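Shared between the two complexes below is subunit A, which has subunit B as its partner in the first and subunit C in the second.
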Partner chain A sequence: MENNTVISIQNLIKRFPVGSEFFTALKDITLDLHKGEFTGLVGPSGSGKTTLLNIIGGLDSPTEGKVRVLNQPLNNTNHNERARLRRKYMGFIFQSYNLLPVYTVFENVELPLILNKMNKEDRIQKVNQAIEWVGLTNKRNSKPNMLSGGECQRTAIARALVHDPVLVMADEPTANLDAENSHNIMKILTKLNKELDTSFVFATHDEKIMGYLKRIIRLEDGNIVDDKKIKKENI
Partner chain B sequence: MIRFLTKGLLRDRSRSLFPVVIITITVGIVIFTIGFMKGTMNSVFLDTAVIISGHEKVVTRAYKEESQMLPNDLALLDVDQIIENLNNEYPTHFWSPRITFGGLLDIPDNNGETKDQGPVIAMGIDLLSNETRMPEIWGLEKCLVEGRLPKTSKEVLISKKLANKLNISVGDLTTFIGTTMHNAFTTYNFLVAGTFDLRKGQADKQMMLVDISGARKALDMENAASEIFGFTHSLFYNDDKAVSVRTNYNNSYSDTSDIFSPVMLALRDSSEQMETMVDMVDVFLLIIGGVFLIIVTIVLWNMGLMNGLRRHGEFGLRLAIGESKGDVYRSMILESLIIGFTGTILGTGIGLMLTYYVQEYGIDYSEVVSSMSTSSMVMPNIFYAQITPELYYIGFIPGVIATVLGAMLSGLAIYKREMAQLFKELEI
Partner chain C sequence: MLFKIALKNLLGARLRTFLNVFVTCISFFMIIFITGLYDGMRQHAKQVTIDTEIAGGAYWHPLYDPSDPMVFEDSHSTLPPKIKDLVNDNKAVPILVSQAAIYPNGRIMPVIMKGIHPSQNIVSMPTNTLEKNKDINIPVLIGKGMANNTKLNIGDSFTIRWLDSDGTYDADEGTVVHIMDTENFKLDIGHIWIPLKKAQKMLALENEVTYVSYAIGEKKIKNLGSWIHRDVDYLIQDIEAAIEADKPGNQIMFTILLSLAAMGIFNAQVLSIFRRGKEIGTLMALGMTRSKVVGLFTLEGGINAVLASALTLFPFGLIFWWTAEHGVPMPMDYSEMGFMIAKQLMPVYSFSLIATTTVLVFFIVIIVSYLPSRRIARMKPTNALKGKTSI
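This part shows the complex of A and B:
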């Protein structure tokens, strides 16, 4: 395994029990993701994008095969260790934002830092910085129900990035957004990818995202059917 | 993190205020209902006890056989000694003598001629001794219609019904005509100090109350009494204890071959109706109370469950961000504990206050009740609640235990399901 490998997957199989049968959502996936990559998992609905993303993030467990994330084999770590990995090194962005409605933008973004037991002054500084990245400084005390969809997703991005994760996973982050907001979001993410050297993995079938990706892994029916790197120097 | 969660809890009223209000209300209702049922049952018992039977009463064996005829020639003698023994051996009760006697009451006009005359049932009870609780348990202060309570052995209270019938007013001199305990004819003058209304149906239709010393003088019954009544200090009737006191007393003091030896009767022994009632009340209370408690428990359990389920999305998110399952689960249980305790304590407080209010002031059913009253069982016109010790903790069964168990159960999903699944539940 190369030193800058963030994720290493070998012969991953995922089966879901459906009634008395099993449904195989991922069939023999082998894959490496590297530091700083801006990768998209693309493919038709039901091809297994979300499932793969969840397994990488330790939100779901593999049926067979080896998954190493940040040099930790996920197969034989318990959920407390996986929680620690996520808390320290990962960030998540979801299609449906998943903001906590009773908290303000500031507080939602602050949560990962509280879990990491960062002291208050550092926290305030980091949160303010993250909110500034996504351009929500003037909304920091608003609750999610007062925000537009794009603002919600930007809050979620700030939350995913506030603790300087190594790896950010985003499942359909633009599916609920219009074209302008989608491009906005992708520009922010691209910029952060460059500045922070954070690795991003997207699951998407949104054509608007494709243009920003540096690596596209195409899934079909639980198999990788294509994996290509795209040279783009000046986005 | 606790600060963060507390902030969320306080802001989200559907998680804090509403559950607390619901728990408060249901626990309050449980407490009050149980207190009211217990109190109502007990006040039925107590009314019968005060007027007819005591929680226990001691009479002679012969008196017991003929008690409807008020046979004072069969009265207890050497009563002071008997009461002293009772007080020593059964200090759970207080004991008080009574003479129940019947006769005619004659109201003379200014010239000493009979103006009105009618039958009277008189009760000589301890109204005047220092430590007596009789005025209290009869509720004489509350029952007084006119005048005042007797201050001497010569003064009496006449029921309002009897006073109306015989045109008696406060301050009148009346003459009791009857027989002494030695079956001699007697007349005795009593001064009417006041009139009263027990508000217990027809129970006081012909009633006159006099201090026992007056009754003793009138009937020549020095240190004698028809009956000795015993009441628990709390005035709460506990049938098991009453029966054991009665059995114990009869074993040591009652001689079946001597018709003048004393015998003790518990409240349940006073009539067949009373016996059935005593037997049924416990079962009845247990069933009603049990069913009620189960329903409320299910409701609150369900609320705990729903509150947990509703938040699977939030838990999923917190887990995704890297909080451990144990921490999420514990915070959820802690939250339901806080909610459960707050609601239960408030509910118990409100329930006890309501119960206390109804214990002190009662709910008046005069109209309904007067038609149902019989001579062997006195029905109260006013139903009182009763604060019993279990009211202090019974609310915790639905309020805390059910709420927390509901939360625990719904929270198990955190362990059972893959986190990915928790999100799906949020989205659907």
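This part shows the complex of A and C:
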């Protein structure tokens, strides 16, 4: 595995029980993702992109094959170790934002830092910085029900990035947003990818965001059918 | 960390927290209130017996046995000097007990006839009404229950028949001078009260009495001869025994109330926790371990119970105070049924009741918070994230 490899997957197979049968969601996937990459797992519904994302994030386990994330073999790690990996080095962005409804924007963004036991002063500074990145300074005390979809997703982005993760996983981050908000979100993520050198992995079938991706891995029926890197000068 | 998040969750979820706390609070209130009423009822029965019958204790004729009317005709004598001194100092009231029969409205009814000094103030009975009507041959004081049973009213006369010390049956006319409203059915049902001197004269037992009740605070007299000292503990032992016999019933009632409370709290907590499946998935995705998720929700339950205790103290505390001060009116008079239940029941909220209830409800809340959160935390985070939670 190269030094800048953040994810290394070899012969990954994932099967789900469906009644008495098994459905194979991922079939012999092998790939490496590198530091600072802005990668999209692209494909139609049921192609296995979310399953792959969940396995990378340690939210699900592989049936067969080897998965190493940030040099940690996920096959041999228990729940607590995977939780620690997510807490320290990963950020998640969900399609439906998954913000805690009773928390304000500030409190939602602060949560990963509390889980990482950061002291209060540093926490306030980091949260304010993250909220500023996503342009929500004037909404820091608003609760999710007072925000638009775009603002919710920007809050989720701030929450995913506030603890300086090495890897951010985004599952259909623009699926619930209109075109303008989708572009705004992708611009923010692209900018942060450049500034923070954080690796991003998207699971998406949203054509609007394809243009922002630096690498597109196309999945169909649990197989990688295409993997191409795109050279971009200016986005 | 967990405490901070739990507190934030509870304070943030205002309505949900309020409802959960309120359900727990209602449980606290119901258990304490109903058990307090029950305890109050039992304590009241004991207190009424002491106030109206026992006072500080009694000295009995050696043959006297209140549960055996057959010995009444032999259980009387003059008082030992020391007890007589107590009576003369108005620190004790002598009572002469005998069997009799009354004929109210043409019916015959066996009764216990008790002669008591009308001006006594040792036991709480309106005996002074017996001396207000000096022109009446035999003034009779009866209880409300007795009046109902015999259909006697104030001013009604009826025949009293008794056996005097010479073994001769005699009869005369008694007149009801007062109907007392007592909660102690033992003074009421099957009893008639007449002035002591009159009773002694009727029974030809001049200066003889059956027992003496002495004032609260009076010390026990030594060297009584054959007379027997009965202290309050002895005299209330039948009530204590009844209370003791009632304990399993009380415990069952407490358990039922606690179970109802547990079900209410469990429903509220389960609903609350399972509705938060997606939140639990999110916390897991953010790196919270399963044990911490369980700890968080259990802690929330614990804080919920603490808040409920505090809430119970404030608004419901006022209800507790008010009912303890003013009592709870009962819908009917139970004394005729042989229950010593006050018309205005005063609940007793003992420290042990409050402490036991608080500790038990606290543990119930902890358990019903722990169980569903443990179950939900065992789910795959991917399912929890999708909100795929089921009981």
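The rule is short, and it goes like this: the second predicted complex is superposed on the first by the 235 of 235 C-alpha atoms of A that agree within 3 Å, B and C clash if a C-alpha of one lies under 4 Å from a C-alpha of the other, contacts with A are read in each partner's own complex, and residues count from 1 in each chain.
As a working rule, a residue touches a chain if its C-beta (ideal position, glycine included) is under 8 Å from a C-beta of that chain, and two chains touch if they have at least 3 such contacts.
This structure is a prediction, so every number in the text was calculated from the model and none was measured.
> With the two complexes overlaid on their shared chain, look at subunit A and say whether subunit B and subunit C clash or fit.
With subunit A aligned, subunit B runs into subunit C, so clash.
> If we overlay the two complexes on their shared chain A, which of subunit B and subunit C does A:210 touch? Say first, second, both or neither.
In the superposed model, A:210 contacts neither subunit B nor subunit C.
> Counting only touches as set out at the top, which of subunit B and subunit C does A:100 meet: first, second, both, neither?
The answer is both, since A:100 touches subunit B and subunit C.
> Go through the superposed model and pick first if A:87 touches only subunit B, second if only subunit C, both, or neither.
both
> Which partner does A:114 reach: the first (subunit B), the second (subunit C), both, or neither?
both
> Output check: A:196 vs subunit B and subunit C. Expected answer is one of first, second, both, neither. What do you get?
neither
> For A:124, using the defined touch cut-off, is the partner it touches subunit B, subunit C, both, or neither? Pick first, second, both or neither.
So A:124 meets neither subunit B nor subunit C here.
> Need the overlap of the two footprints on subunit A, from subunit B and from subunit C, as residue ranges.
54, 57, 59-60, 79-80, 83-88, 90, 92, 94, 98, 100-103, 107, 111-112, 114-116, 159
> Over in the complex, which subunit B residues touch subunit A? Could you list them?
These residues of subunit B touch subunit A: 1, 4, 7-8, 11-12, 313-314, 316-326, 418-420, 423, 426-427.
> Which positions of subunit A touch subunit B when the two form their complex?
Subunit A reaches subunit B through residues 50-51, 54, 57, 59-61, 79-80, 83-88, 90, 92, 94, 96, 98, 100-103, 107, 110-112, 114-116, 159.
> Hey, which residues of subunit A end up touching subunit C in the complex?
54, 57, 59-60, 79-80, 83-88, 90, 92, 94, 98, 100-103, 107, 111-112, 114-117, 159
> Looking at the complex, which residues from subunit C come into contact with subunit A?
Touching subunit A from subunit C are residues 1, 4-5, 8-9, 12-13, 278-279, 281-282, 284-291, 380-382, 385.
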